[in-house]
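Heads up, the next two complexes both have chain A, just with different partners, chain B and then chain C.
Now for the complex of A and B:
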């Protein structure tokens, strides 16, 4: 029996008799998505639509937009939304630049350098997030090593407090995100044929120009994946702003934690969480739209 | 249009010497083919001229100016790559205008120029196509137009036709030749295909093991090869082993291992003496075949028989030609005849092969020592 006949008869079998059985294959993933994300998310939305009494996490059985109104009109929350958006944009752009050039450098070099670059990008993933984030605190402190170096080379006149502060929060977040971006972009880079870069150089493009004209359009899918990781992560950032930021570096997640655990205002926490998810979703859409405008973008639009 | 001079070009990769001291002059407007087997260093040589590879030693001069250290984007050369290397996310028009864009030529002008070139390569109407939608032959034409659009002094072609099927390849060879005549640019064309080199070249440089073995017009290298490598590389031939019987200023008499003797005209300075081992090359097209009807053998009066007798071993039909493998002594020779001109030979026929002494070349330790065509 030829393969195609086997395949055909198999298909008929599946269509006629085993259609329901085949659908069972979706059950585990459906359960996981529903139980792990959809169901808790529905509870979250429900809580965000409850009233916020004092002395209880939320008012059971009530249905009101009060929490959203409270959250949106609060000066503190407006500041937090503004900060989170700026923080996400800044860290995403910085991480994209670093990851792209790091991956490009790793791709272009050979021998030991290549392995050192690739290995050292993966190494941080082997350490717990909290530990490696907190490790920046002494480095960026006023009497830390970064200040020592900058003072030594007279870049700065007197010690600067990078952490706790905005610089620390940004550096920590970029550092945490970059390895994922490197992996996403490197995996696309290795499919580029080097002769295309040579052709661009040969036709009069400088090194930078040939990167911009030939390499960048080809790695757009990798940059898109990195952008999705960076935007969602940085909008919801908790560890870096909490451990390395000062009082002003207050992100969505930091405030939500405070609502949940310190102030026991779950309705407000729920409302702010919904806003955070919306911000992340809109951020991803904007990033993909921007990438779609570029030369290589046609592929992430799905032709 | 420009002339090029390569002096002592050498490229080492670690312990491996890819190109081992190449010197050559390429004339203004010439089409030079660099011909050689895979790994002989021909592509590396081309890339050194284009600036994509820096030589370990030696230099490249264009019109008398040393351009060895100029980066590729500043050189007046352009490469047509083996895999064409079209930019996949640019349209055909954007690909062809790329070189002019990098030179800062205005948009209207570069589009005019690109359209002109697309017509030259019969690809007008494809401006908005993407490279992925093109066939191999079409990609090849776009790559050629893209390189020509940059208006280089020297066009470097790195086996641009090797990924095409035979028919298309032959058609493109003719078109390339026409383009060379039209544009009057210096072309350096790398190939491993002798037929391609013979079709295209004004001169052929034959490379082996990182060196240029011989450089000259197609007739010159075919008829007057420097050594056994060139003789064997440029076409199928029969190599017979023999020993020098008598060496004079004008000729060599060689006894063949397969039996019989052979007299070779020799006006070169002969450095072999009696008893030296030599190899003799008999091109399949110069051999005359005759069926031996009555078992008699013709022997020429001067003692050099210039013929051997043997038996037809097999007859191979190869499309436009027929190849006869003939067993002589302990070896095998082959004779080739075009269809329409074939001999009526069958397996097992006793035959006699003869040739003219002036068609035979002799080699000693690989180097040419005598004979001419």
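Now for the complex of A and C:
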């Protein structure tokens, strides 16, 4: 009786110690997450709730919604919010089409072509965002290669200024996001059996129809991941609108940078950051809702 | 019948044309970067007019570029060490203990991947300036570890899911301490995973520039940040030189990772 009790207590004692030791493995990540992300993020929210005096980054000790009110009622910021939403929708939709098409092509091709396609999608990931964005500038400039090509084929009568401008900002952002979407969608595609498509084709479905009815419903999870990445990144876009856009292409991030580094208005920067995150979160919810609807729709059509 | 076949052929050609164009789209900026780095003239024209290494010579003679190059390597190495340690211990911890607290800490760790870098940069600038750590390597390494750590964690988690845990139990049953079992039983089979995730962390840090733009200072500017500030004032081929060097460093790193994993596989067969 007593020995078994001792044994039990010894066992719980050992388990207890074991538990404590193994839980130590979470200490480093907890330090990083709380010290490097959660705590700084709380400070950001705190500073967004401070007043914005002139001549100081923020008013210490004040607790007010002033900065939010200023930001929401400012004409410039209203323009920026509108632009950012349109920009995010446009670039996300374009990037989804490109990434899905490209991933599908990489999946369906074989041999050298497959390698070239996969390698070409990974190479941009190895180039820093700052530089691959700027590489579009000489291509899209009024005297750049794209204009030369379009003039050669008489698509346009006179040179068009794609960059700096809206076209440049959109192309640059789509280019920066697409490789991540390709990876997300391709990783789902490889789990589908290609014989399914062959079966659909044998039964008389066209290439396009076999894609829509056989492949698309299966890759919705990959498209969902890609959408989350695209929406959050395009709402927070900085490099492409800054470097390839004109004065009209002013995104949240461009304005936040100007508040932070040029005008030293930290409270406004904090409030605008919170607004940007809200926009991104709403965007992700809408994207997921749309995907859910379409998935249901496809399922009903298939029955 | 004939109609549907020609329609089918047309679709096939359109499909091929589509992905050929997109491949060009993916490669074009890279071609511009590499091409302009060998340009003879000082302006950014593509295709380059004449091949020369003049800008490479100038790059390695310019103290400011070299300094930022060095800064990038310091920050990337620091990020690699820190995030590999943190990601590895967290992935190991999740294998042993899957309680709710642990899961939510690890889940929270993945959130920074979906937060625009500008928000991370702004909040870290607020935060670091409380401790006077803005413009230091420490701040940059923390910032980049926020992205690198969850990536290391995911890689290591998939490595552990393929690890034969009965070997671990056998090591413990035979009287080895957990530390000894880790060193002699587990480490040999997860080595490759560690190398791959460390290199990914290194690459993530090497590339990142929006966070670094906010929290680096004159002495700690990384190469992408310096390139960004330079290209906003003048477009010279120096930026192309810097990033061409970067692309090749990254390809070399991936080459090492790939050969490390295939060497390991080779060792498995032998």
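The rule is simple: the second predicted complex is superposed on the first by the 276 of 303 C-alpha atoms of A that agree within 3 Å, B and C clash if a C-alpha of one lies under 4 Å from a C-alpha of the other, contacts with A are read in each partner's own complex, and residues count from 1 in each chain.
The rule is simple: contacts are C-beta pairs under 8 Å (C-beta built on N, C-alpha and C of every residue); 3 or more make two chains touch, one makes a residue touch a chain.
Since the structure is predicted, the reported quantities are computational estimates derived from the model, not experimental observations.
Asker: Is A:257 touching anything from chain B or chain C once the two structures are fitted on A? First, second, both or neither.
Answerer: A:257 sits against chain C, while chain B stays out of touch.
Asker: Counting touched residues of chain A, say whether chain B or chain C comes out ahead.
Answerer: C
Asker: Would you check which partner chain A:213 touches, where first means chain B only, second means chain C only, and both and neither mean what they say?
Answerer: Only chain B; A:213 stays clear of chain C.
Asker: Of the two partner chains, chain B (first) and chain C (second), which one does A:198 touch, if any: first, second, both, or neither?
Answerer: first
Asker: List the residues of chain A that touch chain B in one complex and chain C in the other.
Answerer: Common to the two interfaces on chain A: residues 206.
Asker: Okay, in this complex, where on chain C does chain A touch?
Answerer: Where chain C meets chain A, its residues are 4, 7-8, 11-12, 15, 18-19, 22-23, 25-30, 32-33, 36, 44-46, 82, 85-87, 89-90, 92-93, 96-97, 102, 105-106, 108-109, 111-112, 114-120, 122-127, 130, 142-143, 145-146, 149, 153, 178, 203, 206-210, 213-214, 223-225, 227-228, 231-232, 235, 239-240, 242-243, 246-247, 250-251, 254.
Asker: Could you pull out which chain A residues touch chain B in their complex?
Answerer: Touch residues, chain A against chain B: 193, 195-196, 198-206, 209, 213-214, 217-218, 295-296, 298.
Asker: Would you tell me which residues of chain B are touching chain A in their complex?
Answerer: 50-52, 71-75, 77-79, 81-83, 85-90, 98-99, 102-103, 146-147, 150
Asker: Applying the document's contact rule, which stretches of chain A touch chain C when the two form their complex?
Answerer: Residues in contact with chain C: 19, 21-23, 25-30, 32-33, 35-41, 43-44, 47, 98, 101-102, 105-106, 109, 116-117, 120-121, 123-124, 126-132, 134-139, 145, 175, 178-179, 206-208, 228-229, 232-233, 235-239, 243, 252-253, 256-257, 260-261, 266, 269-270, 273, 276-277, 280.
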